[in-house]
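Two complexes follow with subunit A in common, the first pairing it with subunit B and the second with subunit C.
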Partner chain A sequence: MRVKHVSKEIHHHKILTDIDFDIKTGSIVGIVGRNGAGKTTLLRTMVGILDPSFGDVLIENESIFRNPQLKQQIIFVPDSSEALKSYSTKEMIHLYKQIYPSLDEDYYLQLMERFALPEIKKIGNYSKGMKALFFLVVAFSTKAKYILLDEPTDGLDVIVKKQVLKILVEEVATNDVSVIISSHRLDELEFIANDIIMIKDGMVNSRYGLDEMKANYIKAQVAFESDLPVALKDQVTILKQTGRVYIILIDKNHDEIIKKIKLASPLLFEDLPLSLEDLFVARLGGDDDVS
Partner chain B sequence: MMFHKALWYQNYKQTRMIIWMTLALFVVFLPFQSTLALETWKELQEQAQLVDDSIYEVQQWDVLQIFSEGGLAILVTLSIIVLAGMLVGLERNTRRNDFTFSLPFYRNDLFLAKWFYGAILISLFHSVNFWIAYFIIYQSEFASALYLVSWTEIFWGPLLGFLFFFTFSLFIGTIAGELISQIALTIVFAIFPLGLFTLIQGLIDVHFKYYLNQPVWLEYVTPFMYVFSNTSTIATIITAIAFTVFFLLLGTFLYKKNKIEHNGEFLIFKRLNLPFLILFSLCFSLLGGMIISSLAPWNADALRIVSYWIGFTLFLLFSLLIARRLLAMNLMISNKA
Partner chain C sequence: MYFEIDPKKSIPLYEQVIQQVKELCARGLLKPNEKLPSVRDLSSQMLINPNTVSKAYQELERQGIIITIRGRGTFISEELTGYIDPKKTERLQQALKNVIIDSHFAGISEIELKRWTEEIYKKLGGNGDEG
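Coming up: the complex of A and B.
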C-alpha cells in the first residue's frame, strides 16, 4: 500500500501536507501524533472516505479512488461503532460476507468463542470493550490485507486492552496482514509496532523503525549541585524536573554531550529505559498538551 | 454493481421503518380510500334517491380524488421525502457515511443502488395497491366510473410523479449536508418556481395593481405539481420522465464529487453558500413584504406600499440572521461508542 504525496484541505485549512509513505504486509505501523495532527483524516483518506486534495492512495500500484474494488483488501475500524450499532452480530457478518467475499466464517466463530463474545441482537448493546473486540474479530475474519484502526484501545479497561493488543500481534504474525494503528497511547504502540510514522501539523515529521529510533536517543537521570548548566540546557530535551533532579533525553550526538555532562561533575548520572512516549515528546514538542 | 446485495441489505436496514410506513400509507391512500369512496358513493346514491328521486352519478373528479390527489397523496409524498432523507441525509448526520464510503464500491454505484432501491419499492407499492384499488371499484356497481378517467391520469401520472419526486429528493440530498436541511430544501425547491412567481406577483400587485398571467410552463417546472395536480397529460408524463433522468444523472455526478468532510453542515458544496444566501434572503424578504402589506387596507395604496417595504426590510434582516446561523451550523452526531 502506498500513500503517495497526499494533501488534504478542509475549510481552507491544510490538514495533511504531502504525506508520502508505503506499508508492507506483515507489519504493525503506528501513526503517532498529537490531537488534531491529522491522524484520523489520514486514515479516512487511506480508505477512500475522504478525497485527497492532491495525491493518491495506491494498492498494487493502482489508485483506490479510480478502482474502489481494491478496497476489498482494506478494512477500516473507526473509533466509533455508531454506523452499525443497530445490526445484530449475525446481520453484521451477513453484510460483511457480501462485501468481503474472502470472509472466513469459521475463523470468525473461532475468534468469537475465544474472546467469549456472545451472539447479540443489537451490537449497540455490547459493552464498550466487547464492541472494540467484536469489530476487530470481524475485521480479521474478512482476511483483508490492510487493517486500519483508529484509536482501537481508546477508553478500554486494561484486560480488554491486553486482549486487543494480543489479537493484533497474533494476526500479524500468523496471517501476513498489515495493521495500521493511529493512537496516542504510546506505551501500547511501543510493545507492538515495528514502524512508527510521526505526524506533526499534518506532515510526516519522521518515520522510524522502533529499534532504530531507540538507538538514536539516550534517556538519563541527572542532578547537579545547582541547576542544569546553561550550556547543556539547549542541547538536551528536559522531560521532567523535580528539584535539582532532571530527566533528560540526549540526541544522536550524545558522546559529545555526555562528555560535557561529566565535565560538569554531576551528583547523579544514570541511564533510564527509553519509552516511545519520551521520543514522542522529544520529536513533537512539550508534553503539556499531549493527550 | 449497483445491484450488489450488500448495498440493498444496508439500505433496507437503515430505512426499514420508513419503508413500512410508506407501504401503510399507500394501502390507506389507494385500497382503503377506494373502499371508503365506494361507501360514500353508495350513501350519496341512496340519499339522492330518497330526497329527490334522482340518480347519483360519480364524476371524473371523484375518481381522480382517489388515485391522484388529495391529502393522502401529500402524506405519501412526505414519506417519500423522508425515505430519500434516510438514504442520504441521515448517513451524513451519523458516521454511516464513513462506513458507506469505505466500502469497495464506486460512489456512482452507491448512489444508483439507493435510487433503484427506493424507485423499485415505490413502483411496487404503488402498482400493487393501485391494482387492488382498481379491482375494488371494478367489481362494484360503480365500475363504469373507471371509464371517466384515463390510465395516464390515474396510474402513470401519479407513479411517475412519485418517482420524479423521490429522484428530486435524493438529488437535493447530494447538495444538502444533513437530514433536516435535505428535507427542508426538498420542500422549498419543490414549490420554488410557483412560489417565486406568487411572490413576484405580490410585489407587482402592491406597486402597480397589475396581475401577471401565470405561464403554463411554470407548473411543469414545479416538482410539487407532479404529485399534487390531477391534470396528468402526455406532456406531464414526458416532462416527469425527462426530469427524473436529469436529476438522477446530476445527483449521481454530485454524489461522486461529494466532500463528506462537510457532512453535518447546511450545504455540502461551499460555492453554493452565496447563491443560497441571496435566494433565501430575497424570497424571505418578498414574503415579508407580502405578509405585512396584506395587513393594510386594500384601498390605501400608499400605505400598502410603505408596509410592503417595512415587511421586506424586517424579513431581510431576519433572513440574514437565520441564513448566517444555517450556513455555520453543524449537526454531525459524532458520539463515540
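Coming up: the complex of A and C.
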C-alpha cells in the first residue's frame, strides 16, 4: 500500500500536507502524533472515506479512488462506532458481507468463540471491551489485507488490551495482513510496531524502524562541573534538567558527540534506556501548549 | 519456558530474544534437540512483532544455535553443547579485558570482580565447571 503525496484540506484549512509513505505486507505500522496532528484524517483518507485534495492512495499501484473495488482490501475500525450500536451481531455480519464479499463466516464464529463473545441483539449492549474485541473480530473476518485501527486499546482494561494485542500479532504472523495503528499508547506500540511514523502539523515528521530507533539514538544522563558545554548544547536534545544533571538524547553521529562529552570530563555520564516516548517528546513536543 | 522483554534495556528487541534463548541454553532450561515455540506462538506470548521473532530466529540459526526443519519447526541445535567458536573466544577475551580495565578505573578491586564472577556463575547454576 502506498500513500502518495496526500494532502487534505477541509474548509480551506490544511489538515494533511504531502504525506508520503508505503506499507509492506505483514507489517505493523504505528502512526503517532499529538492530538489534532491529523492522524484520524489520515486513516480516513487511507481507507477512502475522505477524498484527498491532492495525491492518491495506491494498492498494488492502482488508485483506490479510481478502482473502488480495491477498498474491499482495506478496513477501518474507528475509535468509537456509535452509528452501528443498534444493530445485532448477525445484522452487522450481514451488512459487512455485502461490503466485503470475502468475509469468512466460519472464521468469524471461531474468533467469537475464542474471545467468548456471545451473539447479541444490540451491539450497544456489549461492554466497552467486548465492543472493541467484536469490531476487531469483524475486521479480521473480512480477510481485508490492510486493517486500519484508530486508538484500538483506548480505555480498555489490561486483560482486554492484551487480548487485542494478541489477536493483532497473531493475525500478522499467520495471515500476512498489515495493521496500521494510530495510538497514544507509545509503550505498547514500541514492541508490536515494526515501523513508527510520526505526524506533526499534518506532515510526516519522521519515520523509524523498530530496531534502528534504539541503534540511532542514545539517551544518557550527564553532569559537568559547571553548565553543559555550549559546544554540546546545539548537538543534543535536552529532555530534562535538574540542577547540573541533564537527561539528553544524542542522535546520529553519536560517536563524535560521545567523544566530546568525554573530553569535557563529565562528573556523570551514563546510558539510560530509551523509549518511544522520549523520541515523541523530542520530536513532537517542544512547547507545553495543547493544540 | 518463559521469555520476557525488558523495556529498560537499550539493546534492540530481537537481540533480547537472542540473548534469552542463549541464556536459557546456558542454564540448561533449553536442551539440544528441544523444540522452540513457533514465531506465531512466541510473538503472541511476548506480545511483540512477529518480524522481531523471525529476525532473532534467523540470527540464531546463522550462529548455529538453532535449526529450522521445514514443516516440523525450530529446534535447539544438537551440536550446541561443548561447541567452541575460536573467533567468539577471542571476542569474549577482549570484552572481558575491557571490563577489567574499566573496573580498575572505577576503583573496583580484583577480589571484588572475582566475587561477582562467582556470584553470576552461581545464579546461572548447574552448568559451570564447578557444578
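Throughout what follows, the second predicted complex is superposed on the first by the 275 of 291 C-alpha atoms of A that agree within 3 Å, B and C clash if a C-alpha of one lies under 4 Å from a C-alpha of the other, contacts with A are read in each partner's own complex, and residues count from 1 in each chain.
Simple rule for what comes next: a residue touches a chain if its C-beta (ideal position, glycine included) is under 8 Å from a C-beta of that chain, and two chains touch if they have at least 3 such contacts.
Bear in mind the structure is a predicted one, so any value in this text is a computation, not a measurement.
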Which of subunit B and subunit C A:E91 touches, first, second, both or neither: first
Which of subunit B and subunit C A:K166 touches, first, second, both or neither: second
Which superposed partner A:L263 touches (first subunit B, second subunit C, both, neither): neither
Which of subunit B and subunit C A:I99 touches, first, second, both or neither: first
More subunit A residues in contact - subunit B or subunit C: B
Which superposed partner A:D187 touches (first subunit B, second subunit C, both, neither): second
Touched partner set for A:D79, first subunit B, second subunit C, both or neither: first
Touched partner set for A:G124, first subunit B, second subunit C, both or neither: first
Subunit B and subunit C footprints on subunit A, overlapping residues: none
Subunit A partner contacts - residues on subunit C that touch it in the complex: 5, 7-14, 39-40, 43-44, 46-52, 55
Residues on subunit A engaged by subunit B in the complex (per definition of touch): 10-11, 44, 47-51, 68-72, 74-76, 78-87, 91, 94-95, 98-99, 124, 128, 131, 154-155
Contact set on subunit B toward subunit A in their complex: 4-6, 9-10, 13, 94-99, 101-107, 259-261, 333-337
Partner subunit C, residues of subunit A touching it in the complex: 26-28, 162, 165-166, 169-170, 172-174, 187, 190-194, 210-211, 214-215, 218-219, 271-275
